[in-house]
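In what follows, structures are represented as structure tokens.
One chain, subunit A, appears in both complexes that follow, with subunit B as partner in the first and subunit C in the second.
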Partner chain A sequence: MENFAIYVPRLLPQEENLAPGHRACIGCGEVLAVRLVCKALGRRVIVSNATGCMEIVSSPYPTTSWRVPWMHTLFENTAATASGMEAGLKALNRKGKKAITAKVVAMAGDGGTSDIGLQALSGALERGHNFLFVCYDNEAYMNTGIQRSSATPFGASTTTSPAGKLSIGQTSRKKDLTAIVVAHRIPYVATACPSYPFDLINKVEKAAAIQGPAYLQVLSPCPTGWRHPSDLAVRMGRLAVETGVFPLYEVENGKYKLNLDLPKLRPVMDYLKPQGRFRHLPAEEVERIQEQVTADYEELKKKAGVGA
Partner chain B sequence: MVNLTIDGRQIKAREGMTLLQAAREHGIDIPTLCHNDALEPYGACRVCLVEITYKNGRNRLVTSCLYPVEEGLSVSTNSERVTANRKILVELLLARCSGEKVIQDLARKLGVESPPFRPEYIERNACILCAQCVRACQEVVGVSAISLANRGVSREVAPPFLETATACIGCGSCVYICPTQCIKMEDVGDTRFIHNWSVEFKLKKCKVCGNHFAPEAQLEYITAKANLPPGFFDTCTTCR
Partner chain C sequence: MSQEGIIQGEFFMNGDEACAEGAISAGCRFFAGYPITPATEVAERMSRRLPEVGGTYIQMEDEIASMNAILGASWAGAKAMTSTSGPGFSLMMENLGLGVMLETPCVVVDVQRAGPSTGLPTSVGQGDIMQARWGSHGTYEIIALVPSSPQEMFDLTITAFNLSEKYRVPVLIMSDEVVGHMSEKVVLRAVPPEELVERPRPSVPPEKYLPYQTDGSLVPPMALAGEGYRFHVTGLTHDERGYPAMNAAAQDRLVRRLVDKIRLNRSDIIRYEEAWIDDAEVVVCAYGITSRVARHAVHMARSEGIRAGLLRLITVWPFPEEHVRQLARRTQAFVVPEINYGQIVFEVERCACGQARTALLPHMGGGVHHPEAILEAIREALR
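Let's look at the complex of A and B:
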């Protein structure tokens, strides 16, 4: 990944397809990701958006932030709706009603992707629809009040996995959803983070250009749910990547590629410390998380064939 | 507001807008190669040409990226004359840059299979001479490290005297903006290379985490330009 600084951001498209004035929390990392994704996609898209933070904050009746065709769907059928849209466009084009060249994009949170919407997603990927699925992963059901999801990492305190005398918070590890998606053998899978905007934009453009299903997992720091200061959202994303908790990689036709291979990972404590949801963790649990992260990262490096 | 017609559609545009902006705002697609929203219009590639008809019936071809909207103007973005002219431009570009995806895609859209020239005239030049890199360096970064050199067939983007771009700060704007990715930037260890301009930069090492984060020359340039206290860039953005 190229490291672009100060001047390059001025060269991005000026057009905003997600209007300002929405009701996201201060310092929301997810809305930042949505904005960048919309910027990268341009206007020739149709969005199918699952219930979740993004649907709630962007479309309080009778207003909307979306400057592209957008449809709100339920948690469980986002990918199914997107499949239907794609099939509908195909049918219209076949019947010669109108040549419509629009990319169908499904967007959902981690709950709508890894828990409730998983079977619809799996079905759509398996059928090979030409669409892009973007998962905004903020690691819990933030919209309804921070309930745990299967994407919540080990040790995180949420309202349904509270930390206390007898509990250390979430007891299971985060579901490796990208691996599940890769197992469908689709053309393009990638992880991204709005803290690395050019990488995110590149990946969205690449994924949108692909014929067939593509999947993006975007880590979206959430000041409210992760309980870190609201000015640290971008830094939290960088720390997640630099500590190896959320490595940036892409899988093209089954081939893994690490986008940011750091010479040395930061200790995970740098990432856990600013977050209130990990505050209760004793040193030995942090040690355990560190071991898991290092092991996972080494495994990923092996898959990508780096530094073997 | 200015009233005009684009492809038969009545359109209201703001005073001072270009035809390209007005068309794009209404979802009418005009291909471009040298246009970038962040830069001043330039009119080098000419594939954005459209046919305009004045109120008195006279018509002519103009580049839509430079021509301002006018009351009562009638614009056609895909008339026979426009398509024929655009096709010739793309054939010439395809002969120069036969391996570039942007040109190939545009050619396919216009129905150009291959340039109508003998094979010995087909080149695989990577640069389409859109000059976006030159303009970004001048307008956005403000250092003018590179420029267009020579004329005619030997025209190229180059550092001064075809040697080293001494004014370059290694920001990578040219690398990012290039539509054909023909400018190569590489970070190896603590050095950044931009091969096309034969420059290399020492990267600054963060005092806290030890990662290399930006070229020293660039940080010095920004420190001087923004009047920052010395030592502001001792740490990287994550550690600051």
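Let's look at the complex of A and C:
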């Protein structure tokens, strides 16, 4: 944690807006992320939620978890539905029908954000709707049973990028979605992880207060899909940050800020090793991943004006 | 085509996996897909198997892209397939029409689940049958096959590729969640070359080639990218040269041929199966998983002394109009059980022309009919 002054759990609202009793897998990092996001958002929100794990585990009656207005959209259109909600609220307010101050929040997984939902996201960001988009990124299509997405990291074995004699697993690198969002020149973009709960809550509050589009990329460890023990989701998030695989940073009006500047990164192997999806990787591929992570981290530091 | 890597023998596998193996045996070497329940297993199997036979699997960013990727792959010369379920099938519709317009051989598998919209993602439906016929805009004809077992998922995928190559049209395999997910004995085999149909190829030198000029067959020969033939393909209405020709005369010539190449070859394309039909007073017309329930119901009716018969559709499109018309003349009634609120029943009713009564036995999805319900509908139809 960079700033221990924000370590004030007792000042956090006790109220849970995503109720327990949902049907997420044991040790799910995604539902933890969404729970914290909802805690930070409070009740004056309207959520537009894409198809995916979160829809399936949190919405069916009687295990419905949502204590805020919530709308399931399809897979490709979360940001478009949120656009309509925001524009509709604006129109009502303009006509003086009712002063509605609810924040519109769109949520989707990595597939619903970086693959099928990218067009809708880009359109909504470009039009400048006043909304927050939260991507809970577990790096594959977990709802349908662990198929690769464009957010799946290099070398990860999934059911449609299976590792074996003829393949290393995922052959392409993880799409840099935050950079794509930053390129839309929106006021606020940040990465977060439920393993750093106060940093996450802080960012959600900040993003929700901003006028205009805001975007959060939340790494959400998935014991089922990453094949690590189910009590290690929080640990995996920490390792992702500490190895530099998933750095925590903000981009406010185009200005990068590294939230957690580590003096020394842990070796990437610490992060890869507990995960079954990387088990097949030979040492030279791990070395390649290490080089890439180091290079990316240095580039990020340069953008944020940290170190030399 | 090399037979290396083709799996042969008896296996216990589900319909989705059998479909993937059927494609590989038929010579499919390109698959583009996107995960969706209950069709994901087709993509998963292809992602594992295609590299073993020298093919390519790519996962696309959505179903629109998947449909386009197989059109591109087909024009590059590969036999290509994609698989999906209802929501993805809806997304593919515009480009399915492009496939028809470009006359691109390819196979699209829809493992139907209960809709509309997200519906029941893990449960069975048969609600996409009319969408298969009419889902893309404009006037066209399409071929759609309906397997009723994992074995047929294998066999009909081969048939689908053959029909698609022969008529240069996307062929749809309208499976359903139960057939896709159930596991049964499946006999996998290598298909001898003489059993495989390849798209008609140009026999003239490149300078004389016109991409959409046909002989009597109504299906133009297809050159492939990189062979030295110059061609221009477009979704715009085009003439024999392939160039856009935006006038009513060109539209008439092209659309008429696109439709006629299917309509006039119905007898070659249409497949169905019958049981206890010769003396049937009531005919149950069913397809897919429902046909298996219907078979049991007809059997029960027979053991009660009711003269019932079964017409199992294997092609739903083109619909076997003439055959149903003839049956209507010698039977009293049709019973049409389907997992929707009435789709094929309207085709049966239309072809029966009032000569035989037609009764729908709908199921909204999420399960299959009870044989007793079909038996009761058979009894009711004769009252």
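Heads up, the rule we're going with is that the second predicted complex is superposed on the first by the 295 of 308 C-alpha atoms of A that agree within 3 Å, B and C clash if a C-alpha of one lies under 4 Å from a C-alpha of the other, contacts with A are read in each partner's own complex, and residues count from 1 in each chain.
Everything that follows uses one rule, which is that a residue touches a chain if its C-beta (ideal position, glycine included) is under 8 Å from a C-beta of that chain, and two chains touch if they have at least 3 such contacts.
Here the structure is a predicted model, which means the values were calculated and not measured.
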Check: If you stack the two complexes on chain A, which partner ends up touching A:R148: first (subunit B), second (subunit C), both, or neither?
Finding: second
Next item on the list: Have a look at where A:T160 lands relative to subunit B and subunit C in the superposition and call it first, second, both or neither.
Entry: second
Next item on the list: Considering only touches as defined above, state whether A:F75 meets subunit B (first), subunit C (second), both or neither.
Entry: second
Notebook entry, point to check: Between subunit B (first) and subunit C (second), which does A:R266 come into contact with in this model arrangement: first, second, both, or neither?
Noted result: first
Item checked: Complex interface listing, subunit A residues touching subunit B -> 2-8, 10-15, 43, 198, 235, 238-239, 242, 262-264, 266
Note to self: Could you list, by residue number, the parts of subunit A that touch subunit C in their complex?
What the structure shows: 51, 72, 74-76, 111, 115-116, 118, 141, 144-145, 147-148, 150, 159-162, 164, 166-167
Next item on the list: Under the touch definition given earlier, write down the residues of subunit B that touch subunit A in their complex.
Entry: 27, 36-38, 136, 140-141, 171-173, 175-177, 185, 187, 209-211, 213-214, 218, 222, 237-238
Check: Considering the complex alone, what residue numbers of subunit C touch subunit A?
Finding: 33-37, 40, 43-44, 47-48, 51-52, 57, 59, 61-62, 87, 91, 117-118
